[in-house]
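Right after this note come the structures.
Presented sequentially are two complexes of chain A, the first with chain B as partner and the second with chain C.
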Partner chain A sequence: MTILFSEQTSEESAAQKPLHPWRKKPRKFTISVALAVVVPFLVVLALLLYSNIPGALVMVIVYLPLQLLAAGITAVYNRGVRSIGDSMIVVLAIGATVFSLVILMSVLLSLVVRGIGALSAHFLYQNSVYINPSTPLEYGGIGHAMVGTFLILLIASIIAVPIGIATAVYITDVRGRAVPYVRFFVQAMSGVPSVVAGLFILTIAVSTGAFNQSAFAGGLAYAILMLPTVARTAEEVLKLVPDDLRTGALALGSTRARVVLQVVIPAARTGIITAILLGIARVIGETAPLLLAAGNNDGTVLNPFDQAVSSIPVYIFNNVALPYPDAVTRAWGSALALMILVAVLFTLARVLGRGRVGKY
Partner chain B sequence: MSTAEFESVQTLEEQMVESAAPRDLAMDARNLSVWFGKRKVLEGVNIAFPERTCTALIGPSGCGKSTFIRTLNRLHELIPGAALAGSVLYEGKDIYDADIDPVHIRLKIGMVFQKPNPFPSMTIRGNVLSGLKLSGMKRDDHDAIVESTLTSAGLWNEVKDRLDHAAGDLSGGQQQRLVIARALAVEPNVLLMDEPCSALDPASTLKIEETIRELSKNVTIIIVTHNMQQAVRVSDHTAFFLAAENEPGHVVEQGLTTEIFSNPKDQRTLDYVNGRFG
Partner chain C sequence: MSSLDTNETLRDLHSAATSHRGDRVFNRVITGAAFTSLIVLAGIAIFLGLQAIPAFQSQGLAFLTTTAWDINTDPPTAGIWGMLYGSVLLAVIALVIAVPASILLSVFMVFLAPPKIAKILTNLVDLMAAIPSVILGLWAFYILNPPAEEWQQLLNQYLGWIPIFENASGNFLGTPFIAGFVLAIMMIPIVTSVTREVLGRTPPELINAAESLGCSLWTMLRYVALPYGRGGIVGGVMLGLGRALGETIAVFFVLKLVYDTNWYKVIESGGGSVATLIVSRFGEVTGPFELQLLLAAGFFLFLGTLVVNMIANLIVSRTGRLQK
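Take a look at the complex of A and B:
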């Protein structure tokens, strides 16, 4: 057989520019997709403007089916019958994403609209001593509640994170006999209602006189709620670390403890940080345990064992239903501050968790 | 037949030989350059793959062989930052044309990977038929397809009594032959193989090589291999890739396998095929 090779053209190829031919679409594709997006949008816009049907209803019973239909027709027109499924999945995925974003945005928006009036520098650091519900917004703040929430989260994390990760390590790496039971109880524990955790600490620690209502007692109640979330998420991410790494380390003469501490956990570092963040996210807004275990205080309390301490959820709870507009605005403002605090915490953790070496 | 007609036929054949007429070719990469982000990993690759032959791509690690075959069935573009210039002709058309559906290309140009990847949740039979299901092909003769593809892949005798067992129970070599059968079930015209034997023992390797020899009578095979003897045993043509340090890879030399291994024109090819570097 004769070989049919063409000549090499090296000068020509050195001048080539990197292209992305798969991004090019034929004209009829671009036009039909544009139509499939614009037509349902215009129909819905017309309905919203010129009819009395409620907007949500229009979106669900007109827009979604219409958009699915348009996407299906476009898919068949461009790529044949087989691609209908593809287009439907794309529409549903985008639809679901937009839907959840809309809900999230409206929560944020209502927080901002109602709470922005309270936000100011002094609102973030002053406390509420000498402040009553009718005091105007120029005075007082939630500094005491911020400090309290922060202390309680810190205590809860110090307790729950090591225990949670150790539990996960027990399940994935120690693989002891009790694994099925441990896993079962961790799972059961994640169903404990937050008020029960608060009552538990109240009865065994506070009512017995062992501790006051305090940041520490609140932290204990939070730790009970955090623990199963941290343990289960950490277990999932440790399971993702390939066994090859474990055997690789063992084959270098490592002890099992060193395998876990120096190979497995570092490999799963971002996942572990996610586990901690999910644990914090699980508890940060919980009100009931703190009402019972941490109490309330108008002043700033720094000693975690000494006396009752304020926290943002309890502050919101105490103010939001009062018949004074300024108190309600303060409640919304502190909710907004809590959201911002969470955002800052999570961004910080993500940035700190970003490693320069590869991981799973 | 008059002399004039005869002559014109002759000229046509000559032209075909000279101009690499696409009619004879299963695939044809023309002046193909490939990037990952800003880094150029392949430059100006021209290789033609005649129909129903086996072409081996050889060269040291990191010279772009695997990247190259992933451009041949449009898997390259799935990697973020991927870019490409030049063209890849299949049935005379550029597979990167805007109106070409990559799903169709991947159906016609199958691939077998370095690590056997049978679907763990499916049985042996289910794995063989999975391509039909995934690509939405309607066929009635499932039993016949299972038997013929497993036979082509040299696995039928070993698994015919346990087609309903999980695919994960098979050995590595059997799994690799199973994924070859899976790739064949959708009747591709071209089969890309990226170091299909690198994780296998010599006996399994030999079986897969027999399979490749047999298959290349009907299907165009393009195989990346680090095993020189394997290239000699299975391929009709060989292309030798090389990348200087921090330079994009390119084809140093290509031609009939017998030529490349016995009488290469380039000193680097001679050194590589004799195991003096790489």
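Take a look at the complex of A and C:
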């Protein structure tokens, strides 16, 4: 709580006497702030230990108002009425931060605690052909779903990455007249709900009859969601490539295509990889499009056409609400595996993105 | 050379270079690819719109204004009003929770926390944004549901006289409140990352000037930082809203879908959501007609989110320009 008042600038008291912020804080100040922190904490501790009101509720309806009151009283006591707003905003800001962190930690911890029991070597490579929801955890796994997710991501990347990079090149290098419109449509596309992307691919499949639920259809749906992320990140990265490189290459007599393909994109390659990784991370957990476009399958499917295929998100989806503890543990285990994949992708993207984008 | 000059020089050089045939092809390919997003958007609107026509022919405007889902009766009746309204209700609950939390969180990150902690928090918020919705649904179903049930019971017990806290069924699971809470968790990182950036761009001259005039943190926020970043914050909130309207899977696990309009009873079991309707009916779809109805519902979901997103992007890009 001391951070709270350390950076204060002059209040109304400035008119009466100088504040001397460099001087040691008077003892009265230290004690009152300490009291404002300790008293609400003790009250809540007592309530948590000796009453049966749920903990989260105690925090919201007792601790937060009490802390606000204490901070307000301290503020008035030390600095006058006008500093009430300050003390409130500090308490509330810290409260909001703690709230968000508690939720994040709760999600991550529950994943680890409940999912770790399912994780084992065979869980990662076996498929679920002979597995019922009630089969014990010694058998079966998410191998088929991993293969399916990989296949779908591969197809989505093959489609979305070149188009996404081309869109970025159009904005940064071709610089045609339509740049603002292209940027606008890419942004609009990033708002397409995932379930609509799945429905769209399904409609094409149904109305043309060209393909069924398959890894290919799932990949198409993923590509729709991936494209805007790849395009926007690639645009940011290509912008960082100095224009001197472009003019220099042009002055040496390169054609435009060569400038882009042999100078600009190589100069930004780590950034481009970051864009691809972020695109993959954006879609890897999307469930609704695969539910509609890729379907489900207990076996391992390698043929990307004509056959419904399983994927990690759909596997989780199918196991969540089953009345068998082992099936639920499988859902937690695959969720943990998925979260680790996402975290690895993001960390990789971060580490690469911090690298030498645009330097040559 | 200023950047504007470089820009024009490049464009001139480019147009001079287009006399080369390979470059003309390259130019066309890139331009074609750049319009993929437009083609996809138009494709979604056209394909889903065409599918919506039969649904409209059989149901008329009642498809949008009534609430029913009786496919096996003759003639079948279907309407998505309850779902449309439910989506909006969930989004409003999510906004009420997420907007203050996100703004306060960004205030903490920008103005209060030491830089090191602010950096860690930024990464944690990004991590929060990366949680797949199916995992959030799983977490909400098993971890959030039991305590949320308890909180809602207490709310009903002590504040039940306020209409929005009515609950006649005694069932406190599958309520709009829980679903809205989960949506709020998904919105917080989106809104926070935009708000943090906007607040962080407040010119230090303005902050210093405000402080030397005697502003405290609160008055500085109230009269300088928040008005300065208002456009960006509103845009960020709209972006989060677009996400909340289209969210499917996380809501699927925590909301009991009822074909009725839950007007305001946020802690009463049962509510609606268009996106969730599509997924939950798709699993047991009874025939091509019901599929068409779902596609029509998808069409309106697409339109709604598209409008919200376009407005959001316009606001964000305009404030971005103004601030530069």
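In this text, the second predicted complex is superposed on the first by the 229 of 360 C-alpha atoms of A that agree within 3 Å, B and C clash if a C-alpha of one lies under 4 Å from a C-alpha of the other, contacts with A are read in each partner's own complex, and residues count from 1 in each chain.
One rule holds in what follows: contacts are C-beta pairs under 8 Å (C-beta built on N, C-alpha and C of every residue); 3 or more make two chains touch, one makes a residue touch a chain.
Given the structure is predicted, the values throughout are model-derived calculations rather than measurements.
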{"item": "Chain B versus chain C as contact partner of A:82, first or second or both or neither", "value": "both"}
{"item": "Touched partner set for A:196, first chain B, second chain C, both or neither", "value": "second"}
{"item": "Partner chain(s) touched by A:186 [first = chain B, second = chain C, both, neither]", "value": "second"}
{"item": "Touch count on chain A, higher of chain B and chain C", "value": "C"}
{"item": "Contacts of A:25 with chain B and chain C, given as first, second, both or neither", "value": "first"}
{"item": "Touched partner set for A:284, first chain B, second chain C, both or neither", "value": "second"}
{"item": "Which of chain B and chain C A:243 touches, first, second, both or neither", "value": "second"}
{"item": "First, second, both or neither for A:178, with chain B first and chain C second", "value": "second"}
{"item": "First (chain B), second (chain C), both or neither touched by A:39", "value": "neither"}
{"item": "Footprint overlap on chain A, comparing chain B with chain C", "value": "3, 8-10, 12, 14, 82-83"}
{"item": "Parts of chain B lying in touch with chain A, wherever the complex brings them together", "value": "16-17, 20-21, 24-25, 30-31, 33, 35, 40, 43-44, 46-48, 50, 53, 74, 77, 82-86, 96-99, 101-103, 136, 236-237, 250-251, 254-256"}
{"item": "Contact footprint of chain B on chain A as seen in their complex", "value": "1-10, 12-14, 16-22, 24-26, 29, 79, 82-83"}
{"item": "For the chain A and chain C complex, residues of the former touching the latter", "value": "3, 8-12, 14, 53-54, 56-57, 82-83, 85-86, 88-90, 92-97, 99-101, 103-104, 106-107, 110-111, 114, 162-163, 166-167, 169-171, 173-176, 178, 181-182, 184-197, 199-200, 203-204, 206-207, 224, 227-228, 231, 243, 246-247, 250, 255-257, 260, 281, 284-288, 291-292, 313, 316-317, 320-321, 328, 331-332, 335, 338-339, 342-343, 346, 350"}
{"item": "Chain A-touching residues of chain C, taken from the complex the two chains share", "value": "3, 6-7, 9-11, 13-14, 17-18, 20, 22-23, 26-27, 29-31, 33-38, 40-41, 43-44, 47-48, 51, 100-102, 104-105, 107-109, 112-114, 121, 123-128, 130-139, 141-143, 147, 150-151, 154, 185, 188, 192, 211-212, 214-219, 221-222, 239, 242-243, 245-249, 253, 275, 278-279, 282-283, 291, 294-295, 298, 301-302, 305-306, 308-310, 312-313"}
